[in-house]
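Next come the structures, one after another.
Below are two complexes that have subunit A in common, paired first with subunit B and then with subunit C.
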Partner chain A sequence: MASLIGSFALVFGLCLSIFIIFFSIKNFKDNNILDKKVVSLTFLQFFFVLISFFGLIISFVNSDFSNETVFNHSHTTIPIFYKISGAWGNHEGSLLLWLLVLTLFLFLFISTSKKQAKQYRILTLLFQQIIIIGFFIFLIKTSNPFNYIFPVPNEGLGLNPILQDPALAIHPPILYLGYVGSSIIFSSALSAASLSYISKGWAKHIKQWVLISWIFLTLGILLGSIWAYYELGWGGFWFWDPVENVSLMPWLALTTLLHCILVLEKRLALTSWVVILSIATFALSMCGTFLVRSGILNSIHTFANDPERGLFILIFLFILIFLSIAVFFFFHKNENQNIKNLFWLSKETSILVNNWFMMYFLSVVLIGTIYPIFLEVFSSEKISVGPPFYHSLIIPFLIPFLIAMAFAPRLKWIKSKIEDKIQMIIFFVISFFISLLIVKNFDIDFLLNTILITSAFYLFFITLKDFFSKRIGNLAQNLAHFGFSLLILSILFNNIFSKEVITNLKIGETFISEDFKINFENVDKKNEKNFKAIIGKFNIENIDGNIEVLNPELRIYNQPNIITSEADIKTNLLTDKFITMNVVQNQDYFNVRYQVKPFMIWIWISVILISFGGLISILKKKYEN
Partner chain B sequence: MKTKISFLLLFTFFLIVFLTFYLGLQKSNIYKPSLKIEKDIPIYKVRTLESSNRINSEEVFKDNRFYLLNIWASWCLPCRDEHEFLIDLSKQKNFEIIGLNYKDNINNAKKFLKELDSPYKLVFLDKDGTVAIEWGAYGVPENFLIYNKKIIKKIIGPIDQVSFLEIKKIIQ
Partner chain C sequence: MKVLKYIIIVLMILNPNLSIAQSENLQNKITKNLRCLICQGQSVYDSDSQFANSLKVLVEQKLSDGLSEKQIYNYLKDRYGEWILYDTEFNKNTYFLWLLPILMFIIGGAIIFKLFILKKN
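For the complex of A and B:
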């Protein structure tokens, strides 16, 4: 029943698009005010998609296996929380969620942009409707979440156990708010470009949307990363997997856009940058959807290997790209030429420098991600691009980037000179000596690491100092930059100081190394509703005699029948202790992996700080208004 | 003018990207180890079902011609299933099927061929299974496609519709 309602609601939602387009085109030329009908219809469309979404959730909660999606991704024994999150833990449901956010954001945009010109609002609405219609058709035609199966099966196939996890349950909605938020920026930029509406006021208005998408995208990536850290069981948090890359690319574009918007808001320069980046952010999000959903790449997120789906998104993506290129070239007029008389030492120039750095990082990630596809098509050769590629291309450029990040915010608009030169140099020297002390005790690539840590420390100290300085102009920016320095430092220390032991242990055995002893005391069994667990008890004795007990688990899920290994992690401010165990077939010992990972929690904290910077910026705007 | 050129350039660029992605979609992304065997066929001398003389295997497989070496036995049930495919294949031009009768009783083998008709140009006898080992076979039935005295394809298990069409495609 719920499925039936959901299914009809989808079709109604699609039909509403026609009315919305009809009334908005009629409204575009005539009155001076926006037709109330358009606003209500937009709300109605959102409402229908919401009904459809609830229909799917209700089908999942009731375990209605006559619905194909429910049958494929749920089971009666799964806890209710994962039944609900299972609704978007699959291809069809996640697209419905995507559509929900699209219509929600459009409604929010229309109802909050009252101060903007009518024509601009309507054109944005029209561009957004193109995207919405595309997704409606995609959903109904190739990935309908409400397909009916008969005879009705008694039991579902179950939800993949690695998706039965709180972080992953909220990861898709948060990430989609970021991805889809960029669709509003895209439509709005195209609309503003074609109407020559780009102004300081427009920048101010669109900045809110950029910030919102950026915060959600940052948090969404963070959640995915945390999940990978404790669920995939080998203690890393970023694998340069294509799926991670496709979320990083829009993030890089969006971050650059965020900086450009600042210039546009203050100086009405870099307009073309803003338009191109707005297009690029959304195109990259869509491109990510294509790469992930079409099965062209092998990855953990490839739910669906259906070429028809891939073809649809591919064609849709390129229609949008060609449309935006056409708009950019034939409607967008780059009137202001202030850009030519930029003074070399000014905020504008520094942001331009930042842009080029970001574009470089973006291209590295883009090439690393899609080059294998190109190579395979042209030469049938299969390669995979791994961390060494990204590290060797990105790390050296991180050094000037970090240093620029430290002093660029201190520059003034238009024309500036470096102040507090002596202070800046002192900070640099201090950073250098600290890094030297840290690096010299370790057998690592000396020169590169020293310089890298120096530059990260430099940014760290400068931004830290600015929190206490009287002329703190921009708390949001300073917090975000401080968070970034902390992120780089934590990642570096995490890499340098990590210790790892992989060994096979029988119950009762002890592994002894220089720094710690691992004693495998016993195993315990536990029965849960949808899985059986084997819990190991490990006593870790540190060099100082402290004993900690860690309990990694092996979970044998009943539906589908999959064994997962749950890490046990003891976190404190300085270091994470991470242990996983795995069964070895036909043997009475377990494979044990123990890692000491310093500053792990600071990686998460620093990303939260970065997004907090964005939040403060939004709140400040609200407060000023 | 300048706009138009850059527009066209960008347009072409994205068109190429589109086409590449499109082609990429058509390709299977299931990674399997490439089975480029191209191994020389083993050389041995054995009796055949047709005559009691020993025949040198090198004389059987000639250049510029496709051969299918089919390992079979009368006691092997899947061999019966693939037999109709073999009969069909034996009608192909420039193509011959050579049998390798594996650990079998000669009379049973003859009866088997009489009952189901013989697709073979010639049948090697491999009473103790050593020849099959030389070929690197895992068991019965198994098929080796041979061209220019080289194994170009190996089919483990009975021939089915898919491998049947594949063989047909290769030899044509």
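For the complex of A and C:
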């Protein structure tokens, strides 16, 4: 029943698009007030998609296996929380979620943009409707979440155990809020470009949307990383895997846009560049969806390998890109070019430099991700592009980038000079000696690490000092830059100071190293509704005699029948202690992996700080208004 | 850098354990650069699959046979193809991969530079 309602609601939602387009075109020229009908229809469309989405969730909650999506991705024994999150833990459901957010954001856009010109609002709505219609058709035609199976199966196939996790339950919705937010930026930029509506006021208005998408995208990526850290069992949080990269690319583009739009807001320059970046951000979000959904990339995110779906998204993507290029070249007039009076030491220049580096990082990630695909198509040779590629191309460029991040915010618009030169040099020298002290104790690449840590510390100290001194102009920016320095430092220290032991242990055995003893005391069994667990009890004795107990688990899920290894992590402010155990076939010992990972929690905290910077920026705008 | 090298050499002579630790480090470094072919985006080092475990043993064996890091990569490349190496090589297949981002950086720099030249004229 719920499925049936959901299915009809989808079709109604699609039909509403026709009405919305009809009324908005009619309304486009006739008077200066936005037709109330358009607003209510937009809400109605959102409402129908919401009903459809609830229909799917209810089908999942009731384990209604006459619905194919439910049958494929649920089971009666799964806890209710994961039944609900299972609704978007699959291809069909996740696209329905995309559509839900699309319609929600359009409604929010229309109802919050009352101060903007009517024609601009309507044109944005029309562009947005093109995207919405595309997704409706994609959903109904190639990935309908409400397909019916007859005869009705008694039991479902179950949800992939590694998706049964709280972080992963909220990771897709948060990430999608970011992805889809970029569609509003895209439509709005196209519409503003074709109506010559780009102004300081427009920049101010669209900046809110940029910030909102950026915050969600940042948090979405963070959640994915945290999940990978504790769930995949190897203690890493970023592997430059293609699916990670496709979420990083829109983030890089959006971060560039966030900086670039400041120049537009204050100086009314770089208009074309803002439009291009808006198009690029959305194209990269769509590209990500295409690459992930098409099955080209081999990963956990590939729910189903259906070439028809990939082809549809690819065609849709090309239409959108073609449309935006056409709009850009035929309608966009580049009138205001007061970038000519650019002084080399000014905020504008520093933002240009930021954009330059960000675009470089983006091109590294983009080329690294798609090059192997193209190579395989054209020469049928398969290569891997792994962490060493990204590290060697990104890390050296990070050094000037970090230093620029430290002093650029101190520059003024139009023309500036460097103040407090001596102070800046002193900070640099201090940073240098601190990193020298840290690096010299370790057998690592000396020169690169010293310079890198120096520049990260430099940014750290400068932002910290700006925070406490009275001259702080922009708290949001200060916090975000500080967060970034903390992120880089935590990642570096995490890399340098991490210790790891991989060993085979029988129950009762003890592994002894210089710094700690690992005693495998016993195993315990636990029966849950949807899995059986073997829980190991490990006593870790540190060098100071402190004993900690860690309990990693092996879970044998019944539906589908998969064994997963659950890490046990003891977190404190300085280090994480991370342990996993694995079965070794036909042996009576377990493979145990124990890691001491310093500053792990600071990686998460710093990303939260960065997004908090974005939040402050939004709130400040609200306050000013 | 040179000083550091000498220190390491002296330490190695004084402490035989260090050379064992070094070869273990090398083994870790190599296995971190190898793709676990049956896993999804994991290195041999990070994985506990049968394939990864057998490769770990293989690398250890080859190291004790006295093969260098490079020789081991070449050996595995012949057997499994370039797909197994995470550390992408610089060869005729990958010129564009390595040089295109650098080219983008140069172009970006040129565009910004041009803005300043324009200003003067």
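Just so we're on the same page, the second predicted complex is superposed on the first by the 625 of 625 C-alpha atoms of A that agree within 3 Å, B and C clash if a C-alpha of one lies under 4 Å from a C-alpha of the other, contacts with A are read in each partner's own complex, and residues count from 1 in each chain.
By definition in this document, contacts are C-beta pairs under 8 Å (C-beta built on N, C-alpha and C of every residue); 3 or more make two chains touch, one makes a residue touch a chain.
All of these numbers come straight from a predicted model, not from anything done at the bench.
Asks: Quick one: subunit B and subunit C on subunit A, clash or fit?
Replies: On the shared subunit A, the partners fit.
Asks: Would you check which partner chain A:M359 touches, where first means subunit B only, second means subunit C only, and both and neither mean what they say?
Replies: Touch partner of A:M359: subunit C, not subunit B.
Asks: With the two complexes superposed on chain A, say which partner A:G89 touches: subunit B (first), subunit C (second), both, or neither.
Replies: A:G89 contacts neither subunit B nor subunit C.
Asks: Regarding the shared-chain residue A:G536, is it in contact with subunit B (first), subunit C (second), both, or neither?
Replies: In the superposed model, A:G536 contacts neither subunit B nor subunit C.
Asks: Does the superposition put A:L447 against subunit B (first), subunit C (second), both, or neither?
Replies: In the superposition, A:L447 contacts subunit C only.
Asks: Could you say whether A:P173 touches subunit B, subunit C, both of them, or neither, answering first, second, both or neither?
Replies: neither
Asks: Who wins on subunit A residues touched, subunit B or subunit C?
Replies: Looking at subunit A, the partner in contact with more of its residues is C.
Asks: Can A:F322 be said to touch subunit B (first), subunit C (second), both, or neither?
Replies: Only subunit B is touched by A:F322; subunit C is not.
Asks: Would you check which partner chain A:I383 touches, where first means subunit B only, second means subunit C only, and both and neither mean what they say?
Replies: The second partner, subunit C, only.
Asks: State whether A:N591 touches subunit B only (first), subunit C only (second), both chains, or neither.
Replies: Only subunit C is touched by A:N591; subunit B is not.
Asks: What is the contact status of A:I367 with respect to subunit B (first) and subunit C (second): first, second, both, or neither?
Replies: Second partner only, subunit C.
Asks: Between subunit B and subunit C, what minimal C-alpha to C-alpha distance in angstrom results from the superposition?
Replies: The answer for the closest subunit B-subunit C C-alpha pair is 7 Å.
Asks: Do subunit B and subunit C land on any of the same subunit A residues, and which?
Replies: Residues 298, 382 of subunit A touch both subunit B and subunit C.
Asks: Could you please specify the touching residues of subunit A with respect to subunit B in the complex?
Replies: 290, 294-298, 305, 307, 310-311, 314, 318, 321-322, 325-326, 329-330, 373-374, 376-378, 382
Asks: Given the complex with subunit C, which residues does subunit A contribute to the contact?
Replies: 232-234, 236, 239, 241-243, 298-300, 339-342, 344, 352-353, 356, 359-360, 363-364, 367-368, 371, 375, 379, 381-389, 393, 397, 443, 446-447, 565, 582, 584-585, 591, 593
Asks: Mind listing the subunit C positions that touch subunit A in their complex?
Replies: 1, 4, 8, 33, 35, 40-43, 46-48, 50, 53, 81-88, 93-94, 96-98, 100-102, 104-105, 108-109, 112, 115-116, 118-119
Asks: Quick check on the complex: what are the subunit B residues that touch subunit A?
Replies: Its residues touching subunit A are 3-4, 6-7, 10-11, 14, 18, 20-27, 29, 31.
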